[in-house]
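Each of the next two complexes has chain A plus one more chain, namely chain B in the first and chain C in the second.
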Partner chain A sequence: MYAPDFAYYRADSVAEIGRLLRKHPGAKLLAGGHSLIPLLKLRLAAPPALIDIGRIGELKGISVADGRLRIGALTTHAQIAASSEVAAHAPALAAAAGVIGDPAVRNRGTIGGNVAHADPASDLPTVLLALGASFAVATDDGERAIPAGGFFQDMMTTALGEHDIVTAVDVPTAPEGQGQAYEKFSHPASRYAVIGAAAAVGLTGGKVGRVVVTLGGLVPAAIRAGSVEQALSGQAPSADAIADAAAAVSNDLGPDLIGDIYASAEYRRAMAPVCVKRALTAALKRASSVAEAPAARSPWWKPSWL
Partner chain B sequence: MAQVSITVNGKQRTGDVEPRLLLVHFLREQLDLTGTHVGCDTSQCGACTVLVDGRSAKSCTIFAVQADGSEVTTIEGLADGDNLHPLQDGFWEEHGLQCGYCTPGMILSAVTLLEDNPSPSEEQIREGLDGNFCRCTGYQHIVNAVQNAAAGRA
Partner chain C sequence: MNTVPVLPKLIGRRIKRREDPRLVRGRATYVDDVKIHGLRHLAFKRSDVAHGRIRSVDTRAAAAVDGVEAVLTGAEIAGFLGPMPIGTPFPSPDHHAVAVDTVRFVGEPVAVVVARDRYAARDAADAVVVDYEPLPAVVDPEQAMTGQPAVLHADYPTNVALGPLSRGTGIRRRQPVDDTAVDEAFAAADMVISQRIVNQRLAPNSIEPRGVVAHYEGGKDELTIWSSTQNPHILRTFVARMIGLGQDRVRAIAPEVGGGFGAKINIYGEEYVAAALSKRLDMPLKWIEDRSEAFLATVHGRDLIGYVDLAARRDGSVLGLKLRIVADIGAYNMLLTAGIPTNSMTMAGGSYAFPAVRVTLTEVFTNKTPTDAYRGAGRPEATYFVERAMDMLAREIDMDPAELRRKNFIRPDRFPYRTPLGAVYDSGDYEKTLDRALETAGWAQLRTERAAARAAGRVVGLGLSMYVESCGLGPSAMVSPGGWEHSQVTVERDGRISATTGASPHGQGNETTFAQMLADQFGVPIDHVTIRHGDTAVVKQGIGTFGSRSQAVGGTALHNAGIKVKAKMARFAAFLLEAHEEDLVFENGTIAVQGAPSSARPFAEVAAYAYKPVKRPEDLDPGLSDEAFFEPLNNTYPFGCQIAMIEVDRGTGEARLLKMVAVNDAGHLINPLIVEGQIHGGLAQGIGQALIEEVVYDRDGQPLTGSFMDYALPRAADFPRFELDHTVTPTPVNPLGAKGVGEAGTIGSPPCIVAAAVDALSPFGVRHIDMMLRPEKLWRLMQGEPS
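Let's look at the complex of A and B:
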């Protein structure tokens, strides 16, 4: 398959990206290309120009300062999954980055491209929403920060303007004692998330304190599962309490569930509580003072041969 | 047209390409390196896997212009003269292929796998080759081949 013809430009700095975007209306940014190139090959997009930003060093790398992880937009999923800093301060993000696509995809795909593309079946939006991340964006007028909660608006639709450039992703470092988890029900061929559930949970005096649960894969854009959070908050984290809270996810899903030939909307609706329960169980297990053992994984979830 | 200069299997190769030309087509059609295969053409099957700057990558999802200035290794560049790469030996010894279509991509993915983890468990091998489909072997002999290579390197 061939992409439609396009004019090709290469930017060497963020400032130059901005200049090129203003000069070439409708141009798209090419980072790792692992979201954009498949779209072009399928002729679902035909931008007149691509601006290759893949070589800009200032957009690469991971650092920790002032209670936040800063991940440059061109940092690859493989680099995030292998980072000891991400593992220490945002373990659910490390886990999610490590289950995107497959190893070769993770070697090329970037966090900035992933979030700007905003595929509903992507893993990172779900986790970044759960962790309260925000996106550093270069604009025509300077810079602004967009919280993940306002960034992912609809299927492949974000708050980014025509000339906006995601330059970094900022993730608050996990508070002491918080447990995080990302559970993915993966499509066996595409490895996109049929359902993805993220949880970040703290325990206070043996009771669930602050809890954030998010879902992706089955909804047009990642959502918070407020009913689940409300049901679990203040409870002792027993298996029954987790299961009851997970069941409340049906109130959060809304009418626009995604279904396809592999997994119908009804099936995904039925499986959502299972994924939420697993994410909560794993997160609570990791939270500092939890005594409950996690439920055993049922065999369909990940066969031993995968 | 854009000019690219890519070091392929240790040799600098240049060419005038349309920006939309995929790396796999540059390798196969302009350089006649047909060991890199096109399977699904949708980033899923891994038949087109090569090394770009030492890491496995799906050459059906990279424009040749993106690889300008990079080092690319294909299956043709793995052996040292008549001496096969340990992974090629492993696939030979353990019958890690039947039709052979997936084999170049399997081997190049396994190169990155063994670089990251020289002594992988069976499960780690299967995870490391998650992005490479084989429709013949049922994978067991491929796993054995990678284990053979890992043992040979140790």
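Let's look at the complex of A and C:
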């Protein structure tokens, strides 16, 4: 497990990352390293240079303002999982961050690195798509925001340009009454998601209001389950309605699903409604409880799932 | 002398491992920590095809890589290093450390690079260009037995490496096989349970991969070889022979070894190449296996197909067992490869007094990594076959699986029990252990819970299985390098005790258990005892640690050496105290006349006197050091019972272990804490086999589980708290009464887990499931698909 030769640079600011990227074509950014370094050691990647961005303070940290949660690109999965702000305003994100890999991975891996790497079996893209997140990106010309829906394009392929840098992830704070959940069917070896299903559901007057359901692990990039959303929207949240809506996920899956020796494509297709149903059930449970007793909403220091 | 603190007896106490502080703090020295001036690094170019003839090996680009000092092909290596020896008495095709004209598995070495650092070495290995003429890959062992789709070794035209061998009732050496008893048993039966059962291929995966440093010093014509090995003395024997040095000129060192699990018994090609090249180039060389290589180039375990037929009466009396085993041994015979499945033959009858037994074994070459010993080494497979069959019988006749076992056990009054398969079980009381397990688990309560869970729509099952295994190897007739162990005990001049053991522990905790024994034996504090191992220059002779033998055999050698030294020390003390030796007591750091505590002399004072005996007893030479070899007359046969409760997710098929109970009988326990640690690790690996571990090859012989992305290892968080208990049935085979426990958990747990899963899925008509219990497999069974 010995990486091929590469040059190493360390950037101390976002501006410097851009300069180094322009100077060293083909260079890769090194953040937590938990995807990049295995690729190097397996010699599946051989970039001429690594630019270590791991010490840039401006890329770290979590804040809440103007109805959105801003998470710096270098914030680790462990920090997100432990954050009371994330737990209060994007509980499905906190849940997903807490089941990534194992503690060592969570302590080093970063949200920016995760989304830029865009592994189809990764947990965060599925959740970020469900929560309507967008990515703050520094480009050659300044800054732009890319919504999650347009960011993940294909297997390990994103909308990022050659010199683009994800600087932060912006997640809208959960509206009053919305319930969120992330359901993961974990691979016992990689601990990636065989299937991940995220749901964000609102209740209005005892009926399902706005609902977003997403899936990861099935196709090259996380997808929205539009048929499920449509089937459930406006329904009373009964077990039957949830099951019927979950079954509609088959309409959202194309002919070709990912399959491997652990879980065939056919099996994954059958598991999709199972995971969607579980995610919806858990999300609706939280949604109802919030809607019925809004006064009991958890204070910021006490995550709603406690 | 009342101020002398009373030292408690330590044998049988839960003392924390003395090894752990250095290990958990990262202060231990492993092979890769060995640094020598002028050290060069090796890297191997490995085959990426499963089967192919080597047309050419082009090393020019590799030789041009900066920092590379030599690149050698298999043909060049074969010029000074012959085919590798094996440790079993069976025929075997030539196996070169580096392939000469044909590659037979993905990962087989084709060329070796010597370079200034390991990065350059790896770059150069990647730059070696090999042109192969592809040959069909032999992947299915049963198809391979027809010589299709290809032949691996010309002298083995049906790919059959060994067999068919037969053992059992009516088979005697040099006499024709008499099938009468077996045929009669099956004719008299009310029913026959028949099942094809696969015990799948596993990768051992020690945390520390293999590694070697070879340092030949031309000025002395001596070689020192550090290796991550379970048996440095055997390594020395083989390396010395292979590179043409006397054993007196080779020093083998096993520094800290980060797990072996049987895979580090082998002497591997990389070790021979490092030693031979070090001698040839007169420079120190290091090779450290990386994880990707470990999946390919370190032996695999298991991979047996068993065709089981169990003949029984409706009341549960088993009349006969037939078992036909096909062993997929991979591409070559390694050190013990051929012998491992023969262990499965010997132990096939389990803990039962079956009147008639027939076991047949065929070993087959395929284009896969060779198999060899892996924790349990043949006994897990045997246990799995017989226990699966018993479980199926219990289900067939609707009998409690515990009661079926009870009905067929070998009774306690029949020990020592000679089995039809050639073993003599030393001692046993299986019913006692079964009853303890039923009690510990709350068997009746669990059945009630299962019923309640099922009524609530949950998919829950209970499994129970027994095991008996053979360990404490063993008489020399049964162990190729010799079935003994060696120890030297020295009371130093200051009264401290140094002891060596030829058993080379690598996780078994013998530095602690052996120190407990000597502390008790000499009546000194445990802190005054040091156990040394793993260096042939320090430990005069030895065999090594495998087959759960270190305590039973190595411990006895230590015990016996201690007896000799203590007897001599008693003579010195008797002279000083003007007493009879037989009246002396060694306790609390003193030696005193029994019943006269005021006579006590400090232990250290007597030790000092023994090294400067100015007035010396007649016929008594100075010094306090002696050694012992110990060879038991038989193996030991520990046994146990395991009970598991499993829930299968109705939606996904994921199996979750709810409860795991293991009651083991390993005879006398020196340190129950260490025993439990060994059981925990064993259970983890056994449950891992049942639930999540499997080496998979595709039809072209390409491994699909080449990393931890696809090959799962169990983690602590995957398990419930293990509930353990012990019964104690001492062995008469050694004076300690200790049987051995290192493999027990691995041997016992797979059939227990599978029985629980089958029980869970029995409402869906399931009677057997092959491991690993992949969720998709269980889900499909719940969908009504045939198993």
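Operating definition for what follows: the second predicted complex is superposed on the first by the 287 of 306 C-alpha atoms of A that agree within 3 Å, B and C clash if a C-alpha of one lies under 4 Å from a C-alpha of the other, contacts with A are read in each partner's own complex, and residues count from 1 in each chain.
Just so it is clear, a contact is a pair of C-beta atoms (placed from the backbone, for glycine too) under 8 Å apart; a residue touches a chain by one contact, two chains touch by 3 or more.
Here the structure is a predicted model, which is why all the values come from computation and not from measurement.
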| item | value |
| --- | --- |
| Contacts of A:Arg22 with chain B and chain C, given as first, second, both or neither | neither |
| Chain A residues touched by each partner, larger count belonging to chain B or chain C | B |
| Touching partner for A:Ile261 - first (chain B), second (chain C), both, neither | second |
| Touching partner for A:Arg210 - first (chain B), second (chain C), both, neither | neither |
| First, second, both or neither for A:Ala189, with chain B first and chain C second | both |
| Partner chain in contact with A:Tyr8 - chain B first, chain C second, else both or neither | first |
| Chain B versus chain C as contact partner of A:Met271, first or second or both or neither | second |
| Partner chain in contact with A:Leu30 - chain B first, chain C second, else both or neither | first |
| First, second, both or neither for A:Ala104, with chain B first and chain C second | first |
| Partner chain in contact with A:Leu50 - chain B first, chain C second, else both or neither | first |
| Intersection of the chain A residues that touch chain B with those that touch chain C | 1-5, 41, 102, 189-190 |
| Residues of chain A that touch chain C when the two form their complex | 1-5, 41-43, 102, 185, 187-190, 260-264, 267, 270-271, 274-275, 277-278 |
| Chain A-facing residues of chain C, complex | 118-119, 122-123, 126, 290-292, 651-652, 654, 691-692, 696, 704-705, 707-713, 715, 718, 774-776, 779-780 |
| Chain B residues touching chain A - in the complex, by the definition given at the top | 2, 18-20, 22, 41-44, 46, 49, 52, 55-58, 61-63, 65-66, 109, 112-113, 123, 126-128, 130-132, 139 |
| Residues of chain A that touch chain B when the two form their complex | 1-8, 10, 30, 33-34, 37-38, 40-41, 50, 52, 54, 78, 101-105, 107-108, 189-191, 304-306 |
